[in-house]
Amino acid sequence: MFRLEPRPAPSRVLTLASPLIALAVTVLVGIVLFTLLGKDPVAGLRMFFVEPLRNSYAWSELTIKATPLILIALGLAVCFRANLWNIGAEGQFIMGAIFAGGVALRASPESPAVYVVAVLLAGVVGGMFWAAIVAALRDRFHASEILVSLMLVYVAEMVLSYLVYGPWKDPQGYNFPQTITFLEAARVPRLMQGLRANVGIFVALAAVAVFTVFLFRTYQGFQMQVGGVAPLAARYAGFSSRRALWTALLLSGGMAGLAGALDVAGPQGQLTPYVPVGYGFAAIIVAFVGRLHPVGIVFSAVLMSMFYIGGELAQSRLGLPKALTGVFQGLLLFALLACDTFIHQRLRWVAAK
Amino acid sequence: MTDLILNLTSESFALLVAATLNAGTVVALASLGLLLNERAGVVNLGAEGMMLVAAIAGYAAGVHTGSDWAGFAAGATAGAAMAALFGVLVIFLNTNQYATGLALSLFGVGLSAFLGIGYAQQRLPERPHFAIPGLADLPFFGTALFKHHPLVYVAILLAIVMTWWLMRARSGLALRSVGESPESAHALGYQVRGIRLLAVVGGGALCGLGGAYISLVYTPMWVEGMVAGKGWIALALTTFATWRPVRVLLGAYLFGGVTMLQFHLQGQGVQVPSQWLTMLPYLATIVVLVLISRNPTWIRINMPASLGKPFHPGA
Amino acid sequence: MTYRLELRGITKQYPGVRANDAVSLRVRPGEIHAVLGENGAGKSTLMKIIYGTVKPDAGEVLFNGQPVRVRSPQEARALGISMVFQHFSLFDTLTAAENVWLGLDKGPSLDEVIRRIREVSGEYGLEVDPDRPVHSLTVGERQRVEIVRALMTGPQLLILDEPTSVLTPQAVDKLFVTLRQLAEQGCAILYISHKLDEIRALCHHCTVLRGGRVTGEVTPAEESNASLSRLMIGSEPPELQRATPVLGELALSVKALSVPRNDPFGVDLKALSFALHGGEIVGIAGVSGNGQQALMAVLSGEDPRAPAGSVHLFGRDVSRADPGVRRALGLHSVPEERLGRGAVPTMSLAQNTLLTRTDAVGPGGWLRTVGMHGMAAELIARFKVKAGGPDALARSLSGGNLQKFIMGREIDAEPRVLLVSQPTWGVDVGAAAQIRGELLKLRDAGCAVLVVSEELDELFEVCDRLMVMSQGRLSPSVAVADATVDQIGAWMSGLWTGQGGAHVPA
């Protein structure tokens, strides 16, 4: 029978290969699913892996999706490394969008071009505020951050719904639940004429650099990771778990809020009940597949964005259900977790005695 | 306010009680399943995903076979199957329980949406009405307690049986011992991993029943994401019921009551935007969580000590 | 003569180490047979093979002359083999009776088990109340539950793994009475230990293990401690050089320190008082579980709940200060747990230096990786740590080498006060001697050292003064030269007179 044994040292080969193997497994299942649905598997794979990279329009769409995923996943990586399970990043995203929208709605035609900076900052504050509730309840009452942050997602959705159906509804909007379209000064500048991509991608890449330094070259980053992986050692060293809690949650709340602000001040241009698209949850997968490492997160964010766009293309061109995206994303994470176990353990055949 | 009180006539209040039991049963079934998991030391964050897949499985089975019982069987099986996948990963491959549970949830959301395509338009056969003969005619209590779907009574019975089982039966004690100290249980010769897998799969089946109950009884239809967070609430419930089955049941009814209160208030024409009322159950969950978690010592005495930690059988 | 148990050529290999190498052993009915060896000699593995938790790679096991294959503890019990483990397999939230019930194979009901417990309890003088939850029992009482459980099935072979590591000397005597009674009734007993005096007092025969191999099979009554040591260790342990202590200033002063327990299964600290000066090594003896760990956590700052004014470091009140503040004043500590507390298992040695040393941390928190590596490399060289280099993960080191690294890290900081818990537990003899030597060097350089250890021998070797902790209270202190094992043994049961911490003159 097979036995799982710990390896004396982690396998370097598998550390790098594991995400690729997981991807391969997902692709295989994809082929099976396509065939079962009666569609050409090659065409299906092309929608997911080739089309999203084909031209500048495709890349532009890719960055629109990848930006929020990278930003949120960076914050989540810090949290997960500190053993804090901030599952409710989606709620912090929504709150960031709400705060950003609130400031954006106050813009006037005379507002300076840098007004958008205030909008984005408001998003950061909104996300931080929402995450601060989670941190405070955990700090003061030991309440599980998993459950509190999750519940707050639903609360945030309701707050958004209330605002766009009520006080913030566009009076000229034919009674649709939406705000006015934000004025130019409150919008995120685009990169190129005709493409939707905006400077958000640069913000995301800058964040990658900052987070890499924070996690691997600062004492604070080190302290947080010790707290996540060996809490007794952190206590022995005198590292403050309270500081780690607040730092991690405020950072990830702020990043999620920023992502929300960039989304509504960017491609969406207004607040609607459809602001929450699940980036907060997808970013969990992005963080894991990216190995909780900022650079890895860039790659996994691109991959997940390809899944999103591929899903949309597969629907419009091949008639495949868009829900395939969710299936693939979940499957990728499963496969990755399974493959990762073999980095630290190996399978041995042990003859039955 | 006085209007509100005057409106609490026997009949309307009885209906409220009935609705509370109905709503509470969903969460109770799922939460009892999660309790089984956690008593064995495994935390399964995939409840929401399992319940969604079970809901569509149950609905589809109900539509195609016309039989509700086939629906419940399908739901329980779907829950058990997904839990088995999770169980193999965390128990035998020792993957991180939190991450794997999350993966299960996310996968379940996607999978249920995928499987549910086309079912939003399909209808179940006419919903049956249940009533216990004789008792159903009692004033107030008849409406409140005796006109429920059989699963409501099953949930109550289950809570009582589980309490007895965990405290007095040898297999129940064995389960608790695995959750408290898997190393000691292993040293005594118990198949820790097998017991945990059974608990996970059994718990998954119960979650599945809860999910199927939503789409077959609670709101008989299929809509993407219709579980709306009840899986997460069921998780919260096991903690704030300190892992005791009867408390889980009562907590579930409390939650159901808050949910129903919201509808009742809307129906009474209370002038509050609907979104604030819809928020109530989620806010209530946070409040109760805070109250329960305040005393860490108390949690530590009651919590299965090995919860969330991987088990290596060693040699 | 049919031996109750016979092992022939038992071999078991693990990645990197051969735990048992062609081990042979014979036990007669009614014989108390010791298995002697240090930590890591292979005793536990051998017992697990006999009890069925582990399968040997080669060799035979014969029970009452018949070859057997014990594939699980259930099969072992069915044969008539019972085992009392060193680390109890008890569940705190269940009662004693429920625990025993779970440890038996299917059959009796809970009520029958309660009845049998009372019977066995009375017959062997092992007082056990079946209805008390285990978390409310003392360590000695818990062991009695384990023994009663093992005796319930009327075993033919009873295995005891280091049974006295958690007992006071008086409790040890009571245990020996029970064991002799069992042996007279025909039960064979395998007694695993590394305590030479006990083996010579109790056992008829003894098999000595070293490095997985049998180095001798002797009659303990005919051997001396020295000859048994030689079989166990291979050579006389090196003598340590001792200079007479020159006391420096008052380094650590503890007055009326009372701290309630942290969790329901812990120990309250009650009005502890003592003083520690530079240039001396003070030891705290005592069976584990009497509050030593709680005391160390309060002194190191990991537990910040000491009442204000109860702990002074060089005159400064540090009762509520965190470890960082205490370190800045010169207090360093080496905890009992290495992996997970003294070092992070999944991080490199270079990274692990950052836990207690901030030399490589620059302004703004910038980490100087060259500095980190350099420090780790120096520690490895200076303290002769066998490791793959500064980048080796902490968990890739053996227990002894990791302890050397952690010790080295703290000693290299030139502390003015050093707190050490179980300095040589699980460490091989050579490294243990090295560690003890380093402690003496520190003391000679004027550092104040406090050592908590369960090994009385070690404390007698290294310390200038000795105190004992029992049930959260501290005994008076006594100079090592004046102390006797009997006195310390009595103190371990809490039987002292006079003020805790006060020095008892010769």
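For clarity, chains are labelled A, B and C in written order, and residue numbers in each chain start from 1.
Everything below uses one rule, namely that a contact is a pair of C-beta atoms (placed from the backbone, for glycine too) under 8 Å apart; a residue touches a chain by one contact, two chains touch by 3 or more.
Note that the structure is predicted; figures quoted are calculated from it, not measured.
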item	value
Greatest separation from chain B - chain, by CA centre	C
Pair of chains joined by more contacts [C-beta pairs], B-C or A-C	A-C
Distance between chain centroids, defined by C-alpha means - chain A, chain B (Å)	28
Separation of chain A from chain C, taking each centre as the mean of its C-alpha atoms, in whole Å	48
Whole-Å gap between the CA centroids of chain B and chain C	45
In chain B, residues with contacts to at least two other chains	none
For chain A, residues contacting two or more additional chains	none
Partner chain B, residues of chain C touching it in the complex	14, 45, 48, 52-54, 72-74, 77, 85, 88-94, 98, 101-103, 106, 110, 263-264
Chain A-facing residues of chain B, complex	45, 49, 85, 89, 92-96, 98-100, 102-104, 106-111, 113-114, 116-117, 224, 228-229, 232-233, 235-236, 239, 273, 275-276, 278-279, 282-283, 285-286, 289-290, 293-294, 296, 299, 312
Touch list for chain A against partner chain C, complex	5, 8-9, 217-220, 222, 226, 229-230, 232-233, 235-238, 240, 353
Of chain C, residues touching chain A in the complex	15-16, 55, 69, 71, 300-302, 322-325, 327, 333, 335, 337, 340-347, 351, 354-356, 358, 361, 364-367, 369, 393, 396
Chain A residues within the chain B interface of the complex	4, 6, 80, 85, 87, 137, 141-144, 146-148, 150-155, 158-159, 161-162, 165-166, 281-282, 284-285, 288, 321, 323-331, 333-334, 337-338, 340-341, 345
